[in-house]
Amino acid sequence: MSTVLLEEILINAISKNLDGLGHIAVGASSPIPGAAALLARARSNGSMRVSILGSEDNNFFSDGGKEIFDIAGQGRMDAFFLSGAQIDGKANVNLVAVGDYNHPKARFPGSFGSGYLYFVVPRVILFRLEHTPRTLVKEVDFISAPGFSDDDVYRPGGPYKLITDRCLFRVNKQKKCFELESVHPGHTVNEILEQTGFEFLLPDNEVPETETPDEATLKVIRGEVAREISEIYPSFASRVFGIK
Amino acid sequence: MSTVLLEEILINAISKNLDGLGHIAVGASSPIPGAAALLARARSNGSMRVSILGSEDNNFFSDGGKEIFDIAGQGRMDAFFLSGAQIDGKANVNLVAVGDYNHPKARFPGSFGSGYLYFVVPRVILFRLEHTPRTLVKEVDFISAPGFSDDDVYRPGGPYKLITDRCLFRVNKQKKCFELESVHPGHTVNEILEQTGFEFLLPDNEVPETETPDEATLKVIRGEVAREISEIYPSFASRVFGIK
Amino acid sequence: MLARQLTIEELASEIPDGSKVALPPDYAYCALSAVRALIRQQKRDLHLVGVPSLGFQADMLIGAGCVATVETAAVTLSEYGLAPRFTAAVKSGSITMMDATCPAIHAALQASEKGIPFIPLRGLIGSDILKNRKDWKVGNNPFADEKDDPIVFLPALKPDVALIHAPIGDKFGNVWVGVRREQMLMAHAAKTTYVTVEEIVEGNIMEDLQLKAAAIPGIYINAIAEAKNGAWPVGIPGGYDSDHQHLKGYVELAQTAEGFDKYLNEHIYNSKAEAAE
Amino acid sequence: MLARQLTIEELASEIPDGSKVALPPDYAYCALSAVRALIRQQKRDLHLVGVPSLGFQADMLIGAGCVATVETAAVTLSEYGLAPRFTAAVKSGSITMMDATCPAIHAALQASEKGIPFIPLRGLIGSDILKNRKDWKVGNNPFADEKDDPIVFLPALKPDVALIHAPIGDKFGNVWVGVRREQMLMAHAAKTTYVTVEEIVEGNIMEDLQLKAAAIPGIYINAIAEAKNGAWPVGIPGGYDSDHQHLKGYVELAQTAEGFDKYLNEHIYNSKAEAAE
């Protein structure tokens, strides 16, 4: 078996969380989630739709910028992806600023649709490919979108998984926190404990290794998925899959 | 001078109330208001827009059925026309039913946009071409849209004139009632008093006769206005102007 | 993703008794062939929603006893006069009326489209439309300066079914509606949308940027059926005209229940050719 | 009715200091040639509204000192990295931020489009976006069953100016925007709309039913200016690509105030050819 890249492990792991869904939407700057959605669609037997912001081939919207949010509000978006400059142990996401909001040490682009989609999309998958105490923090400096809400707040959606370059967490909705689900090949639980700024639950049994995609899956990833993702992310597709 | 028809007098009289406005909208089943709007536009030196429901030549809307109401809500519609099965002395309009609403003696199509446009369009011109005590009543059986509102109700718009086959009323906003403005040629104030089911004000001076369009105006009405209106109201244009 | 492609009868059979069905006015794209199938299948207790008004299709459904409730800004046959079966039904009290005003229907559908529970709307205060709509409320504008600013709150209107017609669709369920975007709003707002089209064209409508800008994407469409002349006897804008003689004949017959039954038997129940399509 | 047809400089001169100006993101149709004219004319105290986010044009306006307030869901140069003059301005406190989330901007513009004073929106509760927006309120859903159902109320957002670009317009001011309908929403919602177009075409766009379905009617347009390559150095969808080398060069220069001034002098202030267009 050829060398499997981290990107391919992530694409495969994310895609497993999408099987059986009807419509996956992918936002800006999300090549790995985009590829994961295309992989899940490839094995869905034509029962899954994928819409990718910025794509012409995979973007069916015809009613302006509002439609992607309206469609989520209607309950017609089953999964979405969010990243964050900071993510904390309560699954709060910060896309705005580090330090004081009015005099920040660092300022990022902004919250985009997070302050809405995180509430209404059933499976929001968080991804952050820098897993350090700087990014996975005890408490975010600015809440673009809160991980959990009081019972009286309308919230059909919310966080489902958090994937990083080191591991995969699942969300524990009862305890409103993350729980380690699997560790990527080459990484350890101790390393995760050390590199995570927030507390999280460990499973009772041993933590499994994140699955490596099998040959058939790799073939799909490196074939049609790589080709399709190169339309929107040519430099990513070139770097990871050698497509130009 | 050729015989001037009642329709031509009405078209001319209505059009005088539209000069200087930016956008006149005309609803369904309104050939005379439509012709009046086209006449006003013809002498506006290209500064007036007319939109006519059901027209292809004079209908610029591109955002579905809601746009005509949205545009009125934005303050971009200066005049509109309403009729009614009944109109009363408080300028209330009834487009729904005669008798008890739940067991009506007569049922009409319904209120259409009146319950909204009457509130937001600055100059709503009422027209009812059957001027009898049956149609111009003391009190309507159903208020599709009220003529006047309490001070705390948002109401940039409202009734401006009422034109019938016998006369023209203006609206007295202070006293919240109609005032006779002019009587069409061949009709008398006594006849108006007799045929009107509601009370109205008479001016201090003698009531003038409604102006008959001059030769130049008649030429425009019978020329370009007749041609344009025949696109939407072919049977009206054929009956009144002999256009087919 | 391919759309489910059905016959007209199959499509109609997926709309259950009691459904809240949104329909466009005669001047838009009306799915008359599907409406005839609903009548043949003797649907009952439908709640019609006019977007924002209704015409011949509503009069026929009401006359055939399919309808319990009519929510609309008007039922009109325009130059053909009053809608006879509608008028008779209102007078006899056999249907429940929910009179509205056009922008209230558009706004309430937009609330559903946006997934918000309600939307405010100006106007209406002091009207008997409002007085008779127990499902609407008057609230206060929360951004008013000092004094009260009463405004109507409309709950989101979410039809079970949007039933529409269109000139063209494709095998992915994409449907071109042009400037008749209230049909797009209906599809966005409704739980399910069923469409008949004059023609299912080759290729993918969304790959033509001009067509895409005025097309409903397949994600909103539950099933599509091809129906050549599917709006008949009503016409379609930019396509064919209304069948004037037929509509005049309908209105004459439909003045009485007996005449309407004759019409039903002649043009709907016994329309074997259509049923077998 | 003919539209007012202006030069780029004339068009920009009609936008006063202090205006609330709505702008689209880089992936839509950006009127960069008009933005350069605003910079040349040294506009001050603009309140930019991103619909729903902003890109290069905002970074340039901010760097040139034209901007007092930025209301947006994001300022992003996507693959080019953080927006340098925006970031510096936020850190130095020289602009006031009104952070939002994309659907809140669309919804608040729709409120203005509909002439309603506010619109409710789900989400946002518990976020620091909401905490920092003193102009937004949390109310209760008036249709909630028994218990409270808190929901955010957004006041209508009515820009003074929508400034957009488009592939084609006509001499009546009709402007084709295709699927980029947020530009139509901007025109409906704003008090005034100024448009630059790649080309003013012959004839009337509204007479072509396909074009009409995706065109902003002239009634919303205060003035139109022809601007070939008017989005440069950003691209336009379906037209030309972004000028990658130029944008990369911009981002490198704009890392410092001095570098940005160099860019201004080279590409904006001294762009005599453009100013004379």
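Annotations
First chain written, first letter: the chains are A, B, C and D, and each begins at residue 1.
Here is the rule we use: a residue touches a chain if its C-beta (ideal position, glycine included) is under 8 Å from a C-beta of that chain, and two chains touch if they have at least 3 such contacts.
Not measured: the values here are computed from a predicted model.
Among the pairs A-D and B-D, the greater number of C-beta contacts is found at A-D.
With centres defined by CA atoms alone, the chain at the far end from chain B is A.
Between the CA-based centres of chain A and chain D the separation comes to 29 Å, rounded to the whole angstrom.
One inter-chain figure worth recording: chain A and chain B are separated by 59 Å, centre to centre, where each centre is the mean of the chain's CA atoms.
Averaged Cα coordinates give chain A a centre that lies 40 Å from the centre of chain C.
Of all residues in chain D, those that touch two or more other chains are 107, 110, 114-116, 121-122, 149, 151, 179, 181, 184, 212-214.
Of all residues in chain B, those that touch two or more other chains are 61-63, 66, 69-70, 73, 120. Annotation, chain-chain contacts: A-C, A-D, B-C, B-D, C-D (touch as defined at the top). Listing the residues of chain B that touch chain D in their complex gives 23, 46-49, 60-63, 66-67, 69-76, 120. Within the complex, the chain D residues that touch chain A are 27-28, 51-53, 72-76, 78-79, 82-83, 86-87, 90-91, 93, 99-104, 106-107, 110, 121-130, 132, 147-151, 179-185. The part of chain D that touches chain B in the complex is made up of residues 1-2, 112-116, 174, 184, 188, 206, 212-220.
Taken in their complex, chain B has these residues touching chain C: 28-29, 54, 61-66, 69-70, 73, 95-97, 101-105, 107-120, 142-146, 149-150, 152-154, 235. If you check the complex, the residues on chain C that touch chain D are 107, 110, 114-122, 137, 139, 141-144, 149, 151, 153, 155, 178-179, 181, 209-214, 238.
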